[in-house]
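In the two complexes below, chain A is the common chain; its partner is chain B in one and chain C in the other.
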Partner chain A sequence: MKKEKTPLLRSSGFQNLLASLICVLGGLVVGFIVLLLIEPSGALKAILAIMTSFFRYPGKLMLKYFGQTLVRTVPLLMCSLSVLFAYKVGMFNIGVAGQYVAGACFSLYSALAWKLPWLPCLLIGMLAAGLLGAISGVLKTKCNVNIVISGIMLNWIMLYSTNLLLGKVKSPSSPYTLSLKGTNPKALLPSLGLDKLFFDEKSVTIAIPLSILIAVGVWFVLQKTKFGYELKATGYNYNAARYAGMKENWNVIITMFISGALAGLGAGMLYLTDISPWETTCASVPAMGFNGIAVAFLGGLSPIGSILSSFFIQYITTGGGFVDLQVYSSQISDLISSLIIYLCAFVAFFRFFIQARIERAEKKKAEADNANKTEEGGNAQ
Partner chain B sequence: MILLLQYTLIFASVLMLVALGGCFSERSGVINIGLEGTMVIGALGGALVMKYMPPEAGAFAVVALTVLASALLGMVFSLFLAVAAISFKADQTIIGTAMNMLATAGATVAVKAINTAASGGHDVSSDIAYTYTKDLFIVRFGEFEFNWFMLIAFVCLIISYIALYKTRFGLRLRSCGEHPQASASVGINVFKMRYAGVLISGLLAGLGGIVYITAGVSVWKFEYGVAGFGFLAMAVMIFGAWHPMRIALAALLFGFCRALGNVYSGLDLMTALNIPGVVYNMLPYIISLVVLAFTSKKSRAPKAAGLIYDKGSR
Partner chain C sequence: MENTPYAIEMINITKRFPGIVANDKVTLQLKRGEIHALLGENGAGKSTLMSVLFGMYQAEEGEIRKNGKKVKIDSPNDASALGIGMVHQHFKMVECFSVLENIILGVEDTKLGVLRKAKAREKVVELSKRYGLSVDPDAMIEDISVGMQQRTEILKMLYRDNEILIFDEPTAVLTPQEIEELLAIMRNLAAEGKSILFITHKLNEILAVADRCTVLRKGKYIGTVDVKDCTRAQLSRMMVGRDVEFAVQKEDAKPGETVLEVKDLCLASKRSKRNSVNNVSFTVRAGEIVCIAGIEGNGQSELVYGITGLEGVLSGSVHFCGEDITHATIRKRSLLGMSHIPEDRHKHGLVLDYTLEDNLVLQRYFEPEFTTRAGVLRRSNITAYAERLIDSFDVRSGQGAETVTRSMSGGNQQRAIIAREIDKDPRLLIAVQPTRGIDVGAIEYIHKQIVAERDSGKAVLLVSLELDEVMTVSDRILVMYEGEIVGELDPKTTTVEELGLYMAGVKREVKQ
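On to the complex of A and B.
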């Protein structure tokens, strides 16, 4: 038996990791160039600030920033799970942004207006977001409306409705919603002592371990269950799924429901920590959902990859806040993230390119082997 | 009332320009989700020209240079889509999403850098003010403020219609959006046609961007991007069934909704209805979603829009 040629390069997991690392490197290099263009003298310090993020602070402060970064990683991870779940079933859920808003809207409203404890709040937000996702699914299956288009429309409808609804529970003097702590402390997510680990950072709650569990759960459902298999089959070929006796329309709707529910849950997990209120005058859909798309693709569309990539994106976003704001702006890390997602779109092309090269090399080798064999055969006769 | 008419016309101009841009791109077979981002970059180019041009340069020079800068920057930015989606066969939806993020982040970083450098670190805002040059775009007829951009939008509409339906170029462009392999078989260069489609869409969207930010205000905060107008323009394009004349009508309708949201408090009839302003902002999206639900069974969308062109497939 001959030695297997480049087995590492062939494994899709390794290819994904390599591709993501190249994207990250590309984003950082371009970000550095932009910093150089703005002001060459501090550029190195600035890019180091972004890359070292909270690690540049001493012990206690570092833990606090680390905790906050984790808290903000949670909704990002949930949004990316939402995107990848739908994508595995062949749908591009750009409506994730609106579903995230729906989750924020209903979990905050039930906490502030109805004074419910945290679990019902979380579930109501999740359900609302899931239903919003399901609307897209129904419009697709019953009326043939493109998921991307209905998602975009629903994003904006949801944003304006949320501003309207949460306007009823905002503080009288500012456009922000009331704080949970002052109005309804029961609605705060329990921390179970986790906050002690991060130097009493109160926003560190069970949301963090929960989101990781959910990521593993999503992986399990998609890879190891019949349900996940049917969903993926529907994504690969809608008609074949129907021919095989699967409920293809129902699968699309339920996928969009789950996808939306994941995003809505993520929103609840952020807003029910009281780390930031909702701004009822915000004029554009929060970037969280769109960042979720970035994270999902950077993570190679795998739930486990999403955990790493969501933490990384949030890590450099936190780092962006630490650059010298007298010279540079914190949006430089948004710029880097968006460059990374832009480069991610090329991943398919590069993988195809690598794959084609490997295959060509193997074919050549196989031909050469064949030629050798025939020669050997010829000699024997 | 005159104010309502004026806002309707100027918002309709924005939506029409951008939707026509989307129309060119999709007709050539490339979905352009990045319209929103392209608007931001176009607006940035135009706003910078307006900020740094002296008002004494004369109305014609200012208008011409602003239009040129926005259109050019829009075109350059749309190359991000063209190169990735056409030459590298990347997923058009992902590229579009990335472009929207890139544009807002990039424009904010750029404007903040300019402001910081100009003020020596005191002003770190993302605002560009163009108070003086803005007046050069306006001709007053009594109370009605005629904006040169309205005329430009109208001219673009006529040119778009002729280009798409009365020229050889238009026929070829449209064929690439319906069945690119068939177009290739009769000797049309699909890549070239798609590049043309995307670049024209960048030009029109960039132009739409500057019209939008000068429509009501004289200072723009680039952190906000263009607040969803690019997406609204996509709705206009779909509502207008990818046809320039219908797009114009759809733009008027949606522009009217948007204008109502801006000026309803000044109208007695509307204040009597007591509907919150956001409802008017929401209305265009709801209308288009409902219309889509009823009309999508037999969609008029270009058949090959969004599909990656592969010479070998049938």
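On to the complex of A and C.
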């Protein structure tokens, strides 16, 4: 068989990228319009603030904010990997939000209550989140409970359990958990000197390179290994996986475990840096998990795409924090990033649209070529 | 406008897919009120041509005329508006909807947004009476037989008052009785003035109902003939470009030791209280082809599920090469040397979104040849292996080993499964309807392969609804009726009529 190279326009990677870029642009434009509607005079300044994000600050400060952005990108990336991993195996893991909470809960609790060093804390959080995911998997395979339904239920169960449990390690005067630095500095993730690169931003740790390695790992497992081959087969066609002698039920459970573990690890990677404590009075599931869903789609459901898209979303969110709060309310950054995230849901649609356009153009060209040919033929006679 | 005898004309249609020209300047003219057969090897481009007519694909070149007037068909909606309806090779229905709901889907009659089902039901019942299409309007699609699903699809077209009806391999999934009924229905429809396009690989069906036949080969138009001047041999020669042998050449079987032993096997039925397989016992020995014959739905599928482990058994035992595998995992059975060509290629046989090469290693991807110790796939070995199978079994597709299986033609999907299962070098080959949807040239080849397997000392268990296949390929016939084996026949001494009596449950051997 001869191998033909697919032209750039036709390659799915390129189409994904194009669709994602359209979404991003659309989000920014709509965001700008909203800013205009609220207060026209400051709109341009605000949108520039969002787009330039930390770059508008001078050297040292820029590095610091850059570092913080990266730190917050990590859990977003991990959540999107979690979503994408389950998605490739045919499951929509909306429980990622709860699994993220579980990771936060258990890594913080083992750090603050049991005073364990960082590695066990991270692993315990990851394990707990993985188990929570596995519960969804077991419910699916044993009782045929929809993954989405059990995921949503478990999200809330986990949120309130976490508030309860972490209430034991909160500071007496506020709803926030104690700082690791004051209580158990051993539990802080090591930075191996990375913090120096970002003007001594202490929250910059090994979590950042680690999460990128994990993204590459996820890509490798799904694309190149026997394990990934089995998982994807199960996701595409459960019956065929069974027919081929794969352990199809086990595959569902282990996938949910891994998916949960990824989210939980992401939570640990954020909360074990002391960048923000857990608020034990929070009454809604943190948006991180849900944003992971959008990021995964914006990244074209590829682990490498997720690295870029999670950084981008966090970049915009950071930028939103720099908007002049005298003109706009502080929610404006959330609004803009949610607009973009919202538009991400249309990635698939845009891709379809692009494809149809390309096809139509090609057809036109073929028709034109034909017309030319017949004409030439006519002339020759 | 009415001065042309043609209801539909497709002129010089060209449709390309990546790596392949599926239709290369094909012309097809359908007369009003005729049954027009479309014949060609697997992958010749029949389904593609029909999909172009039905608006699912757009041709790059050529034009379509209805009653002599050029029309543009950009979507199935356009096709519907022109009175064109299609029964697809692989049905497209909503499983959890009732028959009635599937029929009216898309053309629902509503009043203030509320479905008016009563009126629709009347029309459906009336149509089903008029054309002898018996269906139960309230049954769920997932619960009814393929035959009834097909009748539902036909009603769907009639409900929309379509006058041009496309049937893409409708008989591949039907029992001989159902086929007879369908052919009669088609004759009725044509007599009423409907024009029918009929794709099939079974030449006797073409000879029985079609007026004319258009032949395609590798995407090219070969010709159109009047069926009444044609013989089976002529048609098949036109189609594959050489003579096809219909009879299977084989020596007498020399059965060796017992490979498969099934004892008092019972399987529960999902639909009724009676067992779907009831006290079935038989053996298959090395070097023989044992065929399970019977009318669809008499427990053959379930029996195979029980033997292959896809379904759990109630009681009884299955021994394979002396080992008790009644409750063994599917993988274990496969490793012991059991191969299975499943009945439903889309449900069990293939991961449609995988590439062809990934599907070809579906039963062996874990072997050291394809996976390293660390669990990493050896991609280049997989590709090389796949290319060898594609070559030797002549699996045709647009992009070779890298073709997404979903885009392949039905018959070539089946060939891929057969290649995979035979190449596994099994001790027991279980083949359920192995030649379903396969062209005559390839059937010849596959039958030869099955006989060759037998001759090299493999045991073969064949399940087939095709009486021809049962009679020519097998060495021993077991007839199943209502979940039990009611007779054992020798194909050399029995007749098709006798076999039919057993299959219908009229005759049965007394159990010794």
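Here is the rule we use: the second predicted complex is superposed on the first by the 343 of 381 C-alpha atoms of A that agree within 3 Å, B and C clash if a C-alpha of one lies under 4 Å from a C-alpha of the other, contacts with A are read in each partner's own complex, and residues count from 1 in each chain.
Simple rule for what comes next: a residue touches a chain if its C-beta (ideal position, glycine included) is under 8 Å from a C-beta of that chain, and two chains touch if they have at least 3 such contacts.
Predicted model, so just to flag it, every value in this text is computed and none were measured.
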### Message
Quick check on the superposed pair: does A:285 touch chain B, chain C, both, or neither? Answer first, second, both or neither.
### Response
first
### Task
Check whether A:243 is in contact with chain B, with chain C, with both or with neither, and answer first, second, both or neither.
second
### Message
By the touch definition at the top of the document, which applies to A:229: first (chain B), second (chain C), both, or neither?
### Response
second
#### Entry: Comparison of chain B and chain C by chain A residues contacted
B
### Task
Considering only the touch criterion stated at the top, classify A:29 as touching first (chain B), second (chain C), both, or neither.
neither
### Task
Name, in rising order, each residue of chain B that touches chain A in their complex.
31, 33, 80, 84, 88-91, 93-95, 97-102, 104-106, 108-109, 112-113, 116-117, 121, 124, 126, 223-225, 227-228, 231-232, 234-235, 238, 276, 278-279, 281-282, 285-286, 288-289, 292-294, 296-297, 299, 301
### Task
Provide the residue numbers of chain A that touch chain C in the complex, in ascending order.
1, 3-4, 6, 224-227, 229, 232-233, 236-237, 239-246, 363, 366-367, 370
## Note on the structure
Contacts from chain C onto chain A in the complex sit at residues 18-19, 58, 60-61, 310, 329-334, 340, 342, 347-354, 358, 362-363, 365-366, 371, 375-377, 379, 387, 390, 399-402
### chain B-touching residues of chain A, taken from the complex the two chains share
34, 37-39, 92, 94, 139, 143-146, 148-150, 152-157, 160-161, 163-164, 283-285, 287, 290-291, 293-294, 297, 325-329, 331-332, 334-335, 337-339, 341-342, 344-346, 348-349
